[in-house]
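One chain, chain A, links the two complexes that follow: it is found with chain B in the first and with chain C in the second.
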Partner chain A sequence: MTLSHSHSVRSFLGPVRAVIATVIAAASLAPGALAQDATRWGPKESASSFGWRFDDLFMLIVILTGVSFLIMMVMLLVPVFRDKARAGHKASFDHGRSLHDKRFTAIVSVIVFIVLDAWVLVVAMRDLDEGFWNVPGPGEAPNAVRVQVLAQQWAWNFRQPGVDNKFGTPDDILTLNELVVPASAEAEGNEDWFAGRPVVLNLSSKDVIHSLFLPEMRVKRDANPGAINRMWFTPIRPGDYAILCAELCGFAHYQMHGKLRVLSPADFDAWEAEASAMALAAYDENDAGAQWAWDWQE
Partner chain B sequence: MSGEHKGGFLSTYVFSKDHKYIAKQFLWFGLIWLLIGGVMAMMIRWQLANPGEAFPLLGKLFFPRTGGVIDPDAYNMLFSMHGTIMIFLGLTPALIGAWGNWCIPLMIGAPDMIFPLLNTLSFWTVVIGGAVGAYSLFVPLGALEAGWTGYPTLSTTVGTPGSGETLWAIAVFIIGASSIMGGINYITTVVRLRAPGMTWGKLPLTIWGLFFTAVLNVLFLPVIGSAMLLLIFDRVYGTQFYVPATLTSGGGDPILYQHLFWIFGHPEVYILILPAWGIVSDLLSFFARKPAFGYRATVGAMLAVTVLSAVVYGHHMFTTGLSPMLGESFMLLTMIISVPGEILFFNWLHTIWKGSLRLNSAMLFSLGVIFVFGLGGLTGLFLATIATDIFLHDTYFVVGHFHLTMAASALFGAFAGIYFWVPKMYGRLMDERLGKLHFWCTIIPLTTVFCTMFVSGWSGMPRRYADPTSSPYVAELQYLNEITTIAAFILGAAQLIFAFNFIKSCFWGKKAPDNPWEVGTLDWIPAYPVPHGNFATTPTVVTGPHEFSHPALGPDRDWISQTEALPETEGKTA
Partner chain C sequence: MLNLLLIPLGAAALLTAALATTDDETAVDVSKRHERPPHDVQLIIHEGTRLLAADADDGHDEEDDYAPALFARLSAEFPNRFTEDDEGIFRDAWPETRDGAIVWDDENECYWEVVTADRLTRGRQDYVQFCASCHALEGDGFGRSGVALRPPPRDFSQGLFKFTKVNSEKLPDDAALLALVKGGLLGTPMNEWDISDERLAEIITYVKSLSLPGDEDADGSTGWRDPYNQIAGVIDASDDPWTDDPGGAIEQGEGLYHKYQCYTCHPAYADAARTDALRGVEGSGTYPDDHTYPKLRKDSSYTVLDYNVAILPPDFTWHDMRRGNTVAEIYQTIAGGVAGAGMPTWKGAAPDEELWAIAYYVYDLAETYKGNDAQRAAFMRSIR
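Right after this comes the complex of A and B.
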């Protein structure tokens, strides 16, 4: 996708003109750009079973910190306008070290800790334990779609076990920069965290540190060389979603993006059978670059 | 300065041991690097709004190979060196080097730093570090490209061949040594050289901020030094501290570096911010003509932050595969910092409440710190909370957050210091009209730049993308990049107002009276030019630094020197 208005701040001919041009552009560009179709405000709609947890918690913190900031700004601006130095006006003399002041400070600190921190902490712990960091353990999600991810400069290698459900066999499905998984509509709002077919990933890297970022699934995890990291999500709607690299990995870091294709369960089964059969037919044991599977980590 | 020194040209103007001259050296050194780092920021912003288009005016000079276009290698080099330069060569000297040297002996009533030679050495060490860093920009294959954080294995020869990265690690090592020398000097001076009567409870808060910074410098710069040393060994001698077994025969761990880096890296945030907090705590009281509210609580909060800063670094590593229990512990510890943070804000806001505010440039920048640090500090909650950090980690949300906290707040603190102390440093007043213009032309675009970054990050734009239009998901956010870039160029241009004002005022400004701000701290006692040795007779301190508008002072005067006894306590002091 290209956007044409990236040329609008191009014509810098001299410093004076530049300043004038930028002021005019700033005034004219912002509303125009917001009105365009190919623009977006905020992340794209969540498409995973626990993506709402990020959206809800983000908004909760926006409200809590927003109110705190407003209170601070009122306390800043009132004296700035009311208590300006002028003839006949004298500042009050107050060291703020009376018992009353100390108590007041302590009470405000406790309130801030409870409202801003403890509240958010409790919600975040729940979200981690039920969602983000609740990677299915052995036997917890027998239907899980398992994927091994090997990042490299500058591409994503995905390996799925194929119809035999074993990694490191000739029918493993290998894809580059494109991950195909099934949607599990029943996982949306389900109290069984692993309802449907959760996607569980093992991540590693061939060279430098990369980070698999799936914005619509609201998940991100580093792919470290020499180690295997785990992550999971359950897609709830078919569609094409973004795969991005979030950790600086060299020259083409910005180009290390791919596509997450979420298919309906039936379409996925058909795709898996066909892709697995094709992989088996095209298998070449001398192709050293394709032999990178590891023992599944649960 | 000439005439005060006994000695030749070299020992007077180059290797001076006078803390005041060294403070000036640090200030000018830092400002020059801030300019260089700032130009790099403009190039970064240009590329993000206009990917693949030649940088105007200077592009052909800096990027001759591509005809002025910033290619991905050059882009990676720019943001990596921008971070390194701003932190280690810009803010550290301009804030800690300059005001640490200027304020500590003058404000505690000492003739000089306790180790003047170490002080000279500290400055010339940072110059050597800066020279190595500058040289790395011109070597084949270019300078550092692995980000200012320099994560292996990208920063080992696996990811970045060439000597630029090695030179960067050496430069950081040398600059770290300079900060350690400065830290030892600051701590010892504050402990040993306070004037008679200058008890810990009578120290100006500026000194407390600088003191805690010095403690953190001495404790944590050695950690980054060792991390860099291991990285240098990996790059030069082929050791494999950070290179895992899958890549070589060794058995290192790239995550080890991240632990070492952030054990230093998080305190570094407070190393930069504590002096600004100290300066602001004093200036708000000075210009509100009111005692600093809750002096002990402010000092206690700064102490708490200093201690906590050592145990929260894990929040930089929530997506690395950290053990969940460790991660959640770091989340809790990080959130606890908001309590001392809140106490600081509470005390600052109460200091100006019912004051008599003199809204000059130094005061405006102090109030600006409350605003930008408020924005930056509160957005920290999004990143301390793991469930939101997972999405926001390594997006522009983080870039907006840390620029507001450690960059903008520290810079505002340095600006406040400059507007405040130049009258004693150069004996001339800064132009107030230009200063106020500078403030408004800084804070408005600055807020636009970093708040737009919050929106970009929340929308999912990752950091460090040389061309954000390459991926469809990110290309939709290009309009945000354009708004940010326009605001950033206005912000950059506004700093020319400051440069003009600073140079004009230092050399040709209006002559300043001895105590233009009517404050009682000891630094305003000696007349300009402050002689070598500072005080003709060692001052004896009897009063706190913030006794403004004391009822006993009568209607005509609202301040008292720290060497004067308050009328009602006369006779009682020892």
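Right after this comes the complex of A and C.
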């Protein structure tokens, strides 16, 4: 019984059928991936002002490499079937040593480099320059929501300046594994990069290298001990999103996740006022060991 | 593209700054407990220890000891090898070397659990890997990742644990500690440790061995090496008197919460007039401004930099309860108290039925308002 069963499985997965099955599977997966159905395939929908850059770049790479892959496959398969041995025709073998072949290879390489690598590089650099790297400098985004992030094994400490907007004061809001920020609907598709209230983060770590990953915001940046890294994004839709650690940081790395709560601007102001008041109640000025804020790095 | 050029320049600047600052580094003052460098990670422990064992229910009886049982088993396993005279060998020599043996101490009139060096070494290996980042290699709670954490990570030399659900005047037994480590503490970096029970048991044994040796004159508890301590299990929460009437429990709980003046530390969930009404006093008059806020009024037994940190009593509508997922868990925490913090042991101080009612009320507060910002804001506006 077992034997015949395994035999039938093996015969089904014969080489030809395997190729057909792969093609069918890929064809059935592709529309889902293209449609960005958050519940099934692909990353969850972007919820930040420049998240579309990441998605567009990702799709560009998928299309470019997909088309190149198809062209390559055709170029490989056509000679295999055209030149195979059959009645009255002997299979010919060619190592591609002629000048013609070398020139052809060189031209294909240059085309592949320009179409794939250079194109992707230029788009990626533009996106980084206008998006991820474009952290608001001094005075560029006066409305920015500023957060100091102190990573540790295995949790995220967040410090927000509270209603007085100064770090290291008694009303600083301290949260663990939960970051609350306002949504800025006007930032979506706005020509002003810093429209609304961008969230600007200062990242550091107590112990080892961690990496703050906000998948729906399409941003990720390392938190290094002894250094302060900067990152920014502008959430455009209220909701609960994921906070993850994207750098293997020890045994409980997999448990180092949290919740990014994006509230409407009015809800955020109410939350900030209440959280500041609660922070004042919890503040102990004599407890020197509990203070960890640093000077804000623009 | 300018940013691309700035990276090497920035790196050079950072490197220069780093080189410049290394010279200024001052020597570490090793006399200060929190500034000394960690000890070498010594993974081989040469001596075992004895830890206080949970009291055996049946009382002490030498005839029931392990030795006769072991003699019977080994004699059956290796016939003709032992004689009746050998039984004494087992009784006298063996318990000191067998892991987990419970021995009776005539002098202190307590049971000890024998722990071998082998077991401690295994426990320490896992402790260093999983626990030491916060609790430190020495177990004093000053690990690299524990800096500035409030509440601070446990200093295991104190033998104090906050949320074991055990009567806080006694030490928790192994089962209680295992449940705590496996369940984690919500809202803190103490995770749900997904390690096998066997290894966790070894870690727990090692952690218990970090408590200080017993001393009759020492103030308070010094943990599992002190024969004057007692060990207790998790408080029984199977007898819920309010299963048929949760609504009534919540209503009565609100009255009791304010009657027992839980608002001395926790927030009051009523304005001054209503607090008076719930307490059944008339015009007691004034409550402080932070009546409806949690209050940092009491020092704890948890010391950081020679300072007794204040532990924030939670506002149940705002903060996470460490282990308060069910009414029963909240009841256990109220009944047992929170060791080292301001929360006393309520079991015995108030009838169980009332403690259950308060647990229902607290659970309902968290369920109704926590994470429900608009509703909570409206409620708080009505009482402030």
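Note that the second predicted complex is superposed on the first by the 226 of 298 C-alpha atoms of A that agree within 3 Å, B and C clash if a C-alpha of one lies under 4 Å from a C-alpha of the other, contacts with A are read in each partner's own complex, and residues count from 1 in each chain.
As a working rule, contacts are C-beta pairs under 8 Å (C-beta built on N, C-alpha and C of every residue); 3 or more make two chains touch, one makes a residue touch a chain.
This is a predicted model, so every value here is computed, not measured.
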>> With both complexes overlaid on chain A, does A:255 touch chain B (first), chain C (second), both or neither?
In response: both
> In the superposed model, does chain B or chain C contact more residues of chain A?
Replying inline: B
> With the two structures laid over each other on chain A, which partner does A:125 touch: chain B (first), chain C (second), both, or neither?
Replying inline: both
> Once the shared chain is lined up, is A:90 touching chain B (first), chain C (second), both, or neither of them?
Replying inline: first
>> In the overlaid three-chain picture, which partner chain does A:281 touch, first (chain B) or second (chain C), both, or neither?
In response: second
> Of the two partner chains, chain B (first) and chain C (second), which one does A:158 touch, if any: first, second, both, or neither?
Replying inline: neither
>> Tell me the contact category for A:270 with respect to chain B and chain C: first, second, both or neither.
In response: second
>> Touch test for A:207: chain B only (first), chain C only (second), both, or neither?
In response: both
> When the two structures are overlaid on chain A, which partner does A:233 contact: first (chain B), second (chain C), both, or neither?
Replying inline: neither
> A:133 contacts which: chain B (first), chain C (second), both, neither?
Replying inline: both
> For chain A, which residues belong to both interfaces, chain B and chain C?
Replying inline: 125, 128, 133, 153, 206-207, 227, 250-252, 255
> How about chain A: which of its residues touch chain C in the complex?
Replying inline: 125, 128-129, 133, 150, 152-155, 157, 176, 206-207, 227, 250-252, 255, 263, 267, 270-271, 274, 277-278, 281-284, 286-292
> Can you name the residues of chain B that touch chain A in the complex?
Replying inline: 49-51, 53, 56-57, 72-73, 76, 145-147, 151, 153-154, 158-160, 244-247, 252-255, 288-297, 319-321, 324, 327-328, 331-332, 335-336, 338-339, 342-343, 345-347, 349-359, 367, 370-371, 374-375, 378-379, 381-382, 385-388, 390-391, 393-395, 455, 458-460, 462-479, 482-483, 485-487, 489-490, 493, 546, 548-551, 555, 558
> Contact residues on chain A for chain B in the complex?
Replying inline: 1-3, 5-10, 12-13, 15, 18-19, 22-23, 25-26, 29-30, 33-34, 36, 38-44, 53-54, 57-58, 61, 64-65, 68-69, 72-73, 75-76, 78-80, 83-86, 89-97, 101-102, 105, 108-109, 112-113, 116-117, 120-121, 123-125, 127-128, 131-133, 153, 204, 206-209, 211, 213, 215, 218-222, 224-227, 229-230, 242, 244-255, 257
> Across the complex, what residues on chain C touch chain A?
Replying inline: 1, 3-4, 14, 129-130, 133-134, 144-145, 147-150, 152, 187-189, 191-193, 290, 293-296, 304-305, 307, 309-310, 312, 315, 318, 373-374, 377, 380
